[in-house]
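Shared chain: chain A. Partners: chain B in the first complex, chain C in the second.
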Partner chain A sequence: MVRLITHNLLACHAKGCTTNNFPLVFKDVQLEIRESEMNPEFLRNFYPKLEWDALVKTAEQLGDTSLPKTQPPIESVDEEFLKALHHVLLEIHVEEGAMTCPNCEHRYGIVSGIPNMLLAEHEVA
Partner chain B sequence: MPALIPIEVPADASSYEASTVHEVYDAIAPHFSQTRYKPWPVISQFLSSLSAGSIGLDSGTGNGKYLPLPVERPGSVWTIGMDRSGELLKLARYAGSTSGSGSVVRREVVLGDALDVCWREGAFDYAISIATIHHLSTPERRRRAIKALLRSVSPSHGRVLIYVWAVDQDELSKRTIPETSTSDSSISKGRDALVPWVLSEQPGKKSEPSGSAKVYQRYYHFFESGELKELTCEAATELGLQIGPPPQDGEGNTRGVEIVQDSWERSNFYIELKLWEV
Partner chain C sequence: MTLPCLIQFAQVHEQFRLPELRSIAELNGIQLDIPEEVDVKRPFMIINLSSEDDAKILAARCILIKNVLELWGHGESYEVLHGRNKENMPLWQRYATDTTFKFLVTAYNHSIHKARQKSIMETFDYMAWEGRIDLASPEVTLLCTEEYRDRGNSHTRAKHEGEGSFRQVYFGRLLAEGTARDLIQKFDVKQRAYYGNTSMESEISLLMANQALSAPGRLIYDPFVGTGSTLYTCAQFGSYVCGSDIDGRQMRGKGGVWLLQLSERRLMGLDVTPGIMRSAAQYGVASLILDLFTFDVTRHPWRSGGIFDAIITDPPYGVRAGAKRLGKKDKAVINDKPPKPGNADAPAHLRPNYIPPTKPYELSELAVDLVALSVHLLKPGGRLVFFLPTVNEAYQDVDIPLHPHMKLVSNSLQDFGNWGRRLVTMEKLSGPATTDPAIATTIHVPAHKDFREKYFSGFRHAMNLKDPNMMNERR
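Here is the complex of A and B:
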């Protein structure tokens, strides 16, 4: 599956593509929303590790504008906010489509929820 | 159990692995997966020791049997599975879901290569590589895979656990490792062999006494004692990492990797690492 938790970690690794290679941009996506159990402890501890701007921007591209543009400090995070975060990170599934690199425009396909990050030998950095 | 076949790896390692590893796993995926469901204790302990909120990479996840762990507190850490076999990933997507009960749990999986870093560098808190690096057919490629693991985890606190098959197989294992055909053992460490996987043509049906089974040969590099540690140290050095615990009176701007465990269990060598930065 490509959920935004994974998307927030993926970067283009094509040869020579080392700057502006994150976040990858979703193209032609088919989405599925699937409810799942929330783990507040995971979310709170994972929260500081997120690339927030990338998360908010990508969620917007997928039609979800529930998160604020500036990352609120961890102390101010309440249950309601965690629910929105859980939904964005773990309940939006990109089933089909692609991700393209903002720098080199390499296209990584997504089929049946599995992103293909393989590059040919000559394309690898 | 058919005998293992000692081999010499041909020059084109990449296409050799494509035919003796990737294509084989795609062909045997469902059958292979039925035999791989029990987590190994050292790996379970490692995953249970992670603090809540940890994010990790399982490089060479296969059927994803480690993705649901730790079982005692599900969802407290997230392990993302990566593999070269798309057919195994189709199974890994639902690893840990109980069939028939309707409770489907979905995992995060990525089709990717253990030699590459398709991630923000240092983004993970931990990485595991279980029975994967021994499918790479040259020392350079095995070293590059270890470097990829070290680059994927946080330089300040990242933890890494690597498992590989050992030349010394214990009594419970049916495998006997043939002597390598290479005459000069000082050049190549460990042994290279093809390990058969016997696939009955119609799984689930009663198999014919003979003739209905297809045998696939998978490439393995069997590690010798000390080889995994040596390879790890070479990989760390190439990345500019010091080897050993962090210095008490650190000068600053120093990065390193501590070897937490370097041991042997049930026909496997394993090594656990922790990165540090002062």
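Here is the complex of A and C:
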């Protein structure tokens, strides 16, 4: 944890930060790779929800370049591709470091795999 | 094909029986033919199923099923039972010749004398079972069960008092035993690697997972995750799960250790694995716990809606731990500008141990928000499953917050006397996903409003509290 699947669902939510607030940028990360069982049906269902550019960009930042720059249409997706996707989405864990907002620069620290996404007093509406 | 069956339920959580049965049937595409008038207080239910496999699937997953019989006869007397059983001869004749078998005589609310058990068995002699008796692994188990009325605890009874004056007697072939009940032991809170003083008991968290239709490939979220009770049981049934909480200490445990730098913690040989992940590892479901987050769900960072198959939660309702949200109490001034970096130190909010101010989150407000949030975050057809504590005397059905995009599926009371908690299950209707988390407007004052105050005043004025004016006068 933090895995790229959930990272792909998170945007900065500080008060007034509504544009250019996604994807959050990883900083000073320590990674762990943990293999897990793949569920192809889950991946196919989740596929349309992904923000592909954000996923590819973030995976590259973490040193994984296995995914194509453009999202292949779901009909053309094969087992081999799903394996790579499963690895990127679910097997890379960011254990320490931070996610920062590209817009307001809020730093969400990650300790033991759990990000602190509480807002400061002045960031709450 | 219709198979007449008898379901015997465990003698607990009576209001949860039908909702659970319906949920598990829906999850597995099983057709249920439930009689229109069911007395949920009785643990026996006669039902038509389409196949033996359906009975096995239900018994393997429903926490509240004790066993399922193929029903060959029943009645208010043995005479009636035998009459029906003889008519049903085509159902059992094929087993009568050379099948190994075992015959059990049991009772609900009673224990039958050994000698009478034997004479009951003998009344079935006309079935002419020729197969060998095999107590260890019979091919067929025959079960005869007498149902006695609840007689209360008002007096001590002799062991076999009232023998034979049963309400109903049932007879048939055992199709499946309720193996899911074993999970109650597996998830027992006291044997868990990490838990807290408000952790949900395992039977209830299993029931919640069933109401949420947890299954492989689904994604379930708990926005008040606490020590993670709901996550383990949902993951047990194969779902991916994630959770958030405004208080990260609940998820991690071991206060303070996580404030140290990682290198320091490793140097000191401290286990930095969050508490929830330690329990998840114990149950073999760690890889299904996608992520845990510290945030206030009223100020959440989910970038889009329509993500989750289910939202499942037991919100803190204030008896032992109240809900909190970001902000300051009523009259305190909120600093709406970042603090100036005046001295050499970083501003307070940038220090690693900064904890923002929080204020109490009133339960009735929380419940309305939770429903609205679920409309936003659930996929169409997704379920919201949550507990709502209520003052029993003052409770009305309209207390459940409604939303035009949500359908109420079930509402089951776990009764503690003056108060209780209701497990509410809702389903998000199909149609375009709402992007705007519109808040349901409610002018009704539910009985669970100010639940904490009512709890600690012993629910003395529960009836009057229904009327908001009365409530104001009292204050």
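Here, the second predicted complex is superposed on the first by the 124 of 125 C-alpha atoms of A that agree within 3 Å, B and C clash if a C-alpha of one lies under 4 Å from a C-alpha of the other, contacts with A are read in each partner's own complex, and residues count from 1 in each chain.
In the analysis below, a residue touches a chain if its C-beta (ideal position, glycine included) is under 8 Å from a C-beta of that chain, and two chains touch if they have at least 3 such contacts.
These figures come from a predicted structure and were not determined experimentally.
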{"item": "Chain C versus chain B on the shared chain A, clash or fit after superposition", "value": "clash"}
{"item": "First, second, both or neither for A:I74, with chain B first and chain C second", "value": "neither"}
{"item": "Touching partner for A:Q30 - first (chain B), second (chain C), both, neither", "value": "second"}
{"item": "Touched partner set for A:N116, first chain B, second chain C, both or neither", "value": "both"}
{"item": "Chain B and chain C contact sites that coincide on chain A, given as residue numbers", "value": "1-3, 5-6, 9-13, 22, 34, 36-37, 39, 41-42, 45-46, 49, 51, 112-119, 121, 124"}
{"item": "Of chain C, residues touching chain A in the complex", "value": "216-219, 240, 242, 244, 246, 248, 251-252, 258, 262, 272-274, 277, 287, 289-296, 299-304, 306-307, 326-328, 334-339, 349-350, 352, 354-357"}
{"item": "Chain C contact footprint on chain A (complex, rising order)", "value": "1-3, 5-6, 9-13, 22, 30, 34, 36-37, 39, 41-42, 45-46, 49, 51, 90, 96, 107, 109, 111-122, 124"}
{"item": "Contacting residues of chain B [partner chain A, same complex]", "value": "14, 51-55, 74-78, 80, 82, 84, 86, 89-90, 93, 105-113, 115-121, 123-125"}
{"item": "Complex interface listing, chain A residues touching chain B", "value": "1-3, 5-6, 9-13, 22, 34, 36-37, 39, 41-47, 49, 51, 93, 112-119, 121, 124-125"}
